[in-house]
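In what follows, a structure is listed as structure tokens, so that the remarks can point back to it.
Lettered A, B, C and D in written order, each chain numbered from 1.
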Amino acid sequence: MAGEDGLLDDGGVATDAAAAGSVGGVGAAGSAGTSTGTGGNRVPGSSGPAPYLPGLFTQAEDTRGITDDEIRLCTHAALTYGAAFNTSADDLNVYWSSVNDAGGIHGRKVHAYYENDNYTPTDAQKAATACLDKYDPFMLLGGIGFDQIPAVRNFAEQRRMLYVHHTATVNGSAGKQFSFTALPTTEKMGELFAELAATRFAGKTVGIVKRQSENWEPGVEGFKRVAGQHGVRVVFERPVPQNKGSYLQDIVELQNAGAQVVWLWLNALESTTFIKQSKAQGFSPSFMVFPFNLTTQTLGDDALNPPVVGLNMSNAYSEGDYSGPFASYADDMRLFEAQYRKYRPNVDLGGVGGDLLFLNWSAQKAMHQLILACGPDCSRNRFIEVLQGVKGQLTSSACPSDFTRAGADNDHRGGWSASVMEAYRAPSGSVNLRNVATCVEHLL
Amino acid sequence: MAQVLVIGLVEGTLFGLLAVGITLIHRGTGAINFALGEVGTFGLYVAWWLTVDQGMPWIVGATGAVATAVALSLAFERLVVRPMRVRNPLAVSVATVGLLTALLSFEFQRFGESPREVPVPIHGLGVRVAGVNVSPTQLLSLLVVAAIAIGLGQFLRRTDFGLGVLAAAQDADATRLVGVPLRRVTAFVWAAGGAVAALAALFVAPTVGALTPGFASTHLFVVALIAAVVGGLSSLPGAFVGGLALGVLKSGVLRLFAESTLPGKEYLVYLTIGIAVLLFRPNGILGTARPRSAA
Amino acid sequence: MTTPLLEVTDLTAGFGSSQVLHGVTFSVAEGEIAGVFGLNGAGKSVTMKTIAGLVPAWSGRITFAGQDITGRSVEERVALGMGHVPQGRQVFPALTVDENLRLGAYTSRRRDRSGYAARLDEVFARFPILAERRSQAAGTMSGGQQASLAVARALINGPRLILVDEPSAGLSPSVVGELFAILEQVAATGVTMVLVEQNISFGLRLAHRAHLLQSGTVVHSGPVADLDQQRLAEHLGVGRMLGASTGTALAARRGPSRSPARSQATAKERS
Amino acid sequence: MTAVAPVVDASTAAVDGPAGSLTHHPSRRHAAPMTPTVWLRYLGVLLVAVSAPILLGELGVLNDTRALVLGEAAALAVAALSLNVLMGYAGQVSLGHFALLGVGAFASSRLTAPTASDPVALPFVFGVVAATGAGGLVAFLLGLPALRLRGLYLAVVTIVFNFVMVQSLFQSSWLSSGSGGVELPRPVVGTFEFVRNADYLAVVLALLVVVWLVDANLSASKLGRAFHAIRADETMAASFGIDVTRYKLLAFTISGAMAGLAGALYGHLFTFVNSGTFDLTQSLFLLTLVVIGGLGSRAGVVAAAAMYGALDFGLGEAFGTDAAGWVVFGGAVLLMFTIAQHPTGLAGAWREASERRHQRSVHGAPAEEADGTPATPQMVDLPRPVGLPARDTGPGDGPLLAVRDVTVHFGGLRAVDAVSLDVPPRRIVGLIGPNGAGKTTLFNAISGALRPDAGTVELLGRDLSDAPAHVRAAAGIGRTFQMIGLAKDRSVTENLLLAQHHVASYGAVEALAGLGRAPRVEEALRTRAAEAVAALGFERYADTPVANLSHGQQRIVEIGCALVTAPDLVMLDEPSAGMAPGAVENLAVRLRDMRDELDRTVLLIEHNIPLVLDVCDELYVLANGSLIAHGAPDDVVARAAVIEAYLGGAIS
């Protein structure tokens, strides 16, 4: 099978902006702090180039991909739903269409482009190269892909290209100049999963099935570190190669080991297949996975009793269900659905990809804040300053990021919190996910 | 220990099902149909569309799958194999590689990699043996294999046309010299191969759990190929038993070397078995020695 | 002379670039046994395969039972009543005697299945050895037994003409005698036969008319009776070598006078 | 379950009989020898290949995306050349070839990628060398089962091999970091790092030119000819002194080395690969390229890779990177069409087109003269090639060839039963007998084509009983075959060069580099072949593929090939079979020339009795595997027992 990090890490369309994390309603405050050089606000479109803010990028590189009337972003992501789900660039740009119709940001229209990375490191580099050549973007963004991100990060560092990407390992980000991630690291996600096990499944034995890869393994070390401190008993640990296909042997050994909770540190397809085969064996532990509607809707009832739970860097989405845990960001959901009805009415938001479109929409909403905060004289150096100066609070649906906390050794990591979700029977009848806890740093 | 055996047998049926398909086509055409798994998967997408998407009962989906696979195989024989100027088993096998790649890339483009729910004939947990659940679908698949082997066996032995198919596999010229229309026999063999491919996919998918392009064309196909080789690429029961044997061997190896972190250990074992059988027992472990004609 | 059952005119054929048949012409009357003789490489087998339809003719015409079958497929020619005892017998080794016979009658069973049982009994009566081993795999039988199965397989379809291609090839001398008796029985039924044979004295004892083939052309056609040793040697290009022994074979032939006319009579009684 | 009876499946004899082969592109021209002007041409091409991409990169015409796609196409071209050596030249099926690229890539990464454990990383060059070496070694190991397996069965092994590498070794922790994959940094020369794809493309193109040169050298040397002979017919190859085992493994090793190099180039192009990059679908795609391009044609397979690059790039520009999927689909459909309609692929179609053009401009195809008998060619009388012991022309006392009690039985049947015969020097000895008497079996036992169950064979006092066929050929036995043992899709000259294999004294490396003894020896072989062609009167057909000649002409070429290395003993198996009567007279004249003017010794199997009586000095008669007569031809032929055997005996 075409090798890739995982068939659908988080359902294909998980694009970039979630990577950018979110910025609290920084608005005016943020921009004031940045334009030190020229004092007061410059009126957009006025004559004279923006003053050069010395920093990582040279003057020539600093304003590539941004002009007075447009800013270009390019994302490499696994757009592999194929024609059946007709994921096209337009489906992903609904948020920017509405922003552009309302006059853009500081008078600049946002043009977002997408290149398919097919889940493989080689195609990821083809996509990144195409991004640079075709669109000469202001910023390169990396969708979820444990194997694609290290490959493109390698590419971006060599080409001195501003690259903001999804989850990566701690030492993956160490020593990097041009690559940033506003999402929790692989290790942090492992630790949070351990805390989830210690709280929701206190006293229960845990079995781990993990992908055998240096991009995944650090998460398991994080998990075991925290599990040891909080009395979580790990009774089984099994590394599996990519797309193993049949997990019968592992399932039976899990049962023999008496695992009551199973943490599937795998991608969406592998998790779906694993759970399906477990249910066929009459084995129904509590599963902890990367939660996406793609998994829950394909599994249907198998995702319930007991409900599948998991951690994600953004909020769950279930079309038309604004009650309970959705209430706190119901207006965002309504705005999201309204915009889609206006710009892309034929997209089925209730389908398997609905939550991914919402995740992408809310990430773009967060990116909007960042670009806004970058001000009218936005440049790459200024953007990095904004990004690293962020000490934001909760925005509508993406968890806050904080780059100052990482300390001197690596101020390229800004993600510290995630949301806990569980599967439930949505009013529409399909099995979707809903938040249990939103943007928590610790569960203990 | 019983657990290892049962796991092995359950997984072995998957290999066995596909191995029967491989052997049937090899017997009839002398070629190895590398696209067998994918023809079955394509049929399964049709079954998915009929059942999961359109909500039809499983049997309608299954018929749709078999019909699609048969049509695909017949079209391949008519458009590619028959007009071939240099028609020998190797050239036909390489042509099936073309069919495999074509179907695979079409499925990627059309259906994408997203896993699709698999149509399941009978739901329910099935029976528990030595701590392992044998789903009703797997039990049904045993019946299907038996039906294929017996049904096909009877058809080939009892009917004149069936006898013609057996004879064509042994001596094509002599078959024509007794008046059997060789063209129709070849078409039948490809059609039957397609049907078996679809049936195999229909009964393998529920155990795998998710339908994606190429799910029956990579791991499963390669192991089924070795199983068919173990069965001497000539005997249908030999192929099925070969599949079971490899299944048990796999679960044994995985259980025995559980700690070693080397991924895919079972494949190393398969490679050695494949080479060993081909070199020393080309007629397969179950395939009897060839009856020497006196000439 | 009645119109010939089989007529081959100016037949050319070959493989790839090398031409083997350079214009073969001969005809066979109903009820007659035609012998086609020639040394190795003279084109005997290619002639038979071209008549059967296995090898495509380059040019020339083949008519059988009044129809031009030059372009027809092998299966169609068999359905028209052409039976074959192929070179090297080519029985189906893994099928039983019963199954080999059932396949032999493929075209006639498609027309009417009822007559098959009677024809099967008739064949078993004529070949008791086959009745005895009817459920044995053909591949496990001796050369001679396979030869009789091959002949029976052709007979059971009730053909009007049987092409017998080098039946004695590869058989030990003792078995050749058995085979001769079998072919004599078949000739007695009055069915028309074209016999290709390397073993010339064997062929001469059976055939009514002989057609001598050399380097892909028929150099002589005529009744066996007026073939003498000198012309035979000369035509076959065997020259001096064929001194004594063919003479004795011919003498033995002349003993019981068998002219083609007489066997034609029996053919009429049967049909 | 009633067993469906196991069945003999003759068409794919498991181990020995080849399950048929793919149609190959018969190249008309024999490869040009490596003269200095040829070197200059390659140097020129190399310069252009290196400077063009860098220049275009500077001008911005060749941006990173375009250079990446062209780089991939160039690396695939090297991979296609490597598969072409294995499948196109040597006829060994490999459906898992991309795994060998993976071996190269991972080997190169082990040396060149800085990791936590050993931050010091070797430069790019070491990576490429390691990749080439590793590829060759692993391919050699893959070649071992290929010695006994052919066609389909080898294909099955190569597919499982591909799987084992991807599922197991490429994901093992010591070679890579699990499914995460490995890094392959771009080359650095001094301070200049080949970051820009256009610059790296220059490196790939340069190495593509080098591989092309190596492939050209290979084709123009005894290696290429030996590979083609092995693909055509291993028994025939052995009869020309080719050690089939050694050359088969050599084909795997050379192909594997090229694949390893291609893997390194591919890996360093993308700078990051994981096991999925080298999985089965990639191998099948490479196979598609090679078959569409035209198996056996260097230019064809590279053209196919270039076509893929152009299509992938064109569609990518027009419809975005998703379109690549459709390119693969198109390639697959084209593969099926190629195999069905144009088995020789692009190259074949191109050659047929150019041939038709050539046909129209020149008069008709080379046909035999009207009267069917070519000008009476003389026999090939060439001095014994250097390096062979001088031919024994003195009045030798013992027999040149002594065969004692040779016995061969297949299953129960005694094909040859304790046969002993002597062939005195400078004599023509005939061997006759009815069909199935065991003549050819005895012949094969003498020439080493099959190993007898008992008995000895001595040539000029040297015991060759245990020597394999290629050693006996080198010891001075030249032979022909009943079904014409020649590489029929190669030209007459190519066959005459092939026949001199065992006197081509230079090593494999010299052949590949086109240096050292190779050019000189090849030149000598070429002149010798030209002399032989002239002697045979075949100048007009020097470049004609043997398949296009008439049966009689092919037989003469085959006899020429048997004589071109002036063997002591010439064994002819039914040379007159299928010849027109006129040609047979001619043959008799030439056989006498061999004995009288060329002092050669001939052992002759024949059915044409007049020819035997006319030419032979002595005659052996074989029947049912044992000798029944020996003596002067006229006397033997008249014996009753002989005639009895011939006519199948009187009917009891």
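As a convention for this text, contacts are C-beta pairs under 8 Å (C-beta built on N, C-alpha and C of every residue); 3 or more make two chains touch, one makes a residue touch a chain.
Just so you know, these numbers come straight off a predicted model, no measurement behind them.
Trainee: Show which chains lie in contact with subunit B and also with subunit C.
Mentor: D
Trainee: Would you mind pulling out the distance in Å between where the CA atoms of subunit A average out and where those of subunit B do?
Mentor: That pair's centroid distance is 41 Å.
Trainee: Report, in whole Å, the distance between the mean C-alpha point of subunit A and the mean C-alpha point of subunit C.
Mentor: For subunit A versus subunit C, the centre distance works out to 82 Å.
Trainee: Report, in whole Å, the distance between the mean C-alpha point of subunit C and the mean C-alpha point of subunit D.
Mentor: A distance of 43 Å separates the two centres.
Trainee: Can you work out the whole-Å distance between the CA centroids of subunit A and subunit D?
Mentor: Chain centroid spacing, subunit A to subunit D, equals 56 Å.
Trainee: Give the residues of subunit A that touch two or more other chains, as numbers and ranges in rising order.
Mentor: Residues 1-2, 212, 239, 241 of subunit A each touch two or more of the other chains.
Trainee: Note the residues in subunit C that touch 2 or more other chains, in rising order.
Mentor: Expected reply: 93-95, 137, 139, 170.
Trainee: Would you pick out the residues of subunit B that each touch at least 2 other chains?
Mentor: 108-109, 157, 166, 170-171, 214, 218-219, 261, 263-264, 291-292
Trainee: Mind giving me all the chain pairs that touch?
Mentor: The list of touching pairs comes to A-B, A-D, B-C, B-D, C-D.
Trainee: What part of subunit D is in contact with subunit C in the complex they form?
Mentor: On the subunit D side, the touching residues are 5-8, 434-436, 547-551, 577-578, 580-581, 607-610, 613, 634, 637-638, 640, 642-644, 646-652.
Trainee: Would you mind writing out the residues of subunit B in touch with subunit A in their complex?
Mentor: Where subunit B meets subunit A, its residues are 3, 7, 10-11, 14, 108-118, 125, 128, 131-133, 135, 206-210, 212, 214-215, 218-220, 250-251, 254-255, 258, 261, 263-264.
Trainee: Which subunit D residues qualify as touching subunit B in the complex?
Mentor: 1-12, 14-15, 19-23, 93, 95, 145, 148-149, 151-153, 155-157, 159-161, 163-164, 167-168, 171-173, 178, 279-281, 284-285, 287-288, 291, 322, 325-326, 328-329, 331-333, 335-337, 339-341, 343, 411
Trainee: Mind pulling up the subunit B residues that touch subunit D in the complex?
Mentor: Subunit B reaches subunit D through residues 26-27, 30-32, 34, 76, 79-81, 83-86, 88-91, 93-95, 97-102, 104-106, 108-109, 146, 149-150, 152-154, 156-157, 166, 169-171, 214, 218-219, 222, 225-226, 229, 232-238, 261-265, 267-268, 270-271, 274-275, 278-279, 282-283, 286-288, 290-292.
Trainee: So in the complex, which bits of subunit C are touching subunit D?
Mentor: On the subunit C side, the touching residues are 16-18, 20, 39-41, 93-95, 137, 139, 168-170, 173-174, 176-177, 180, 198-202, 205, 215, 237-246, 248-249, 252.
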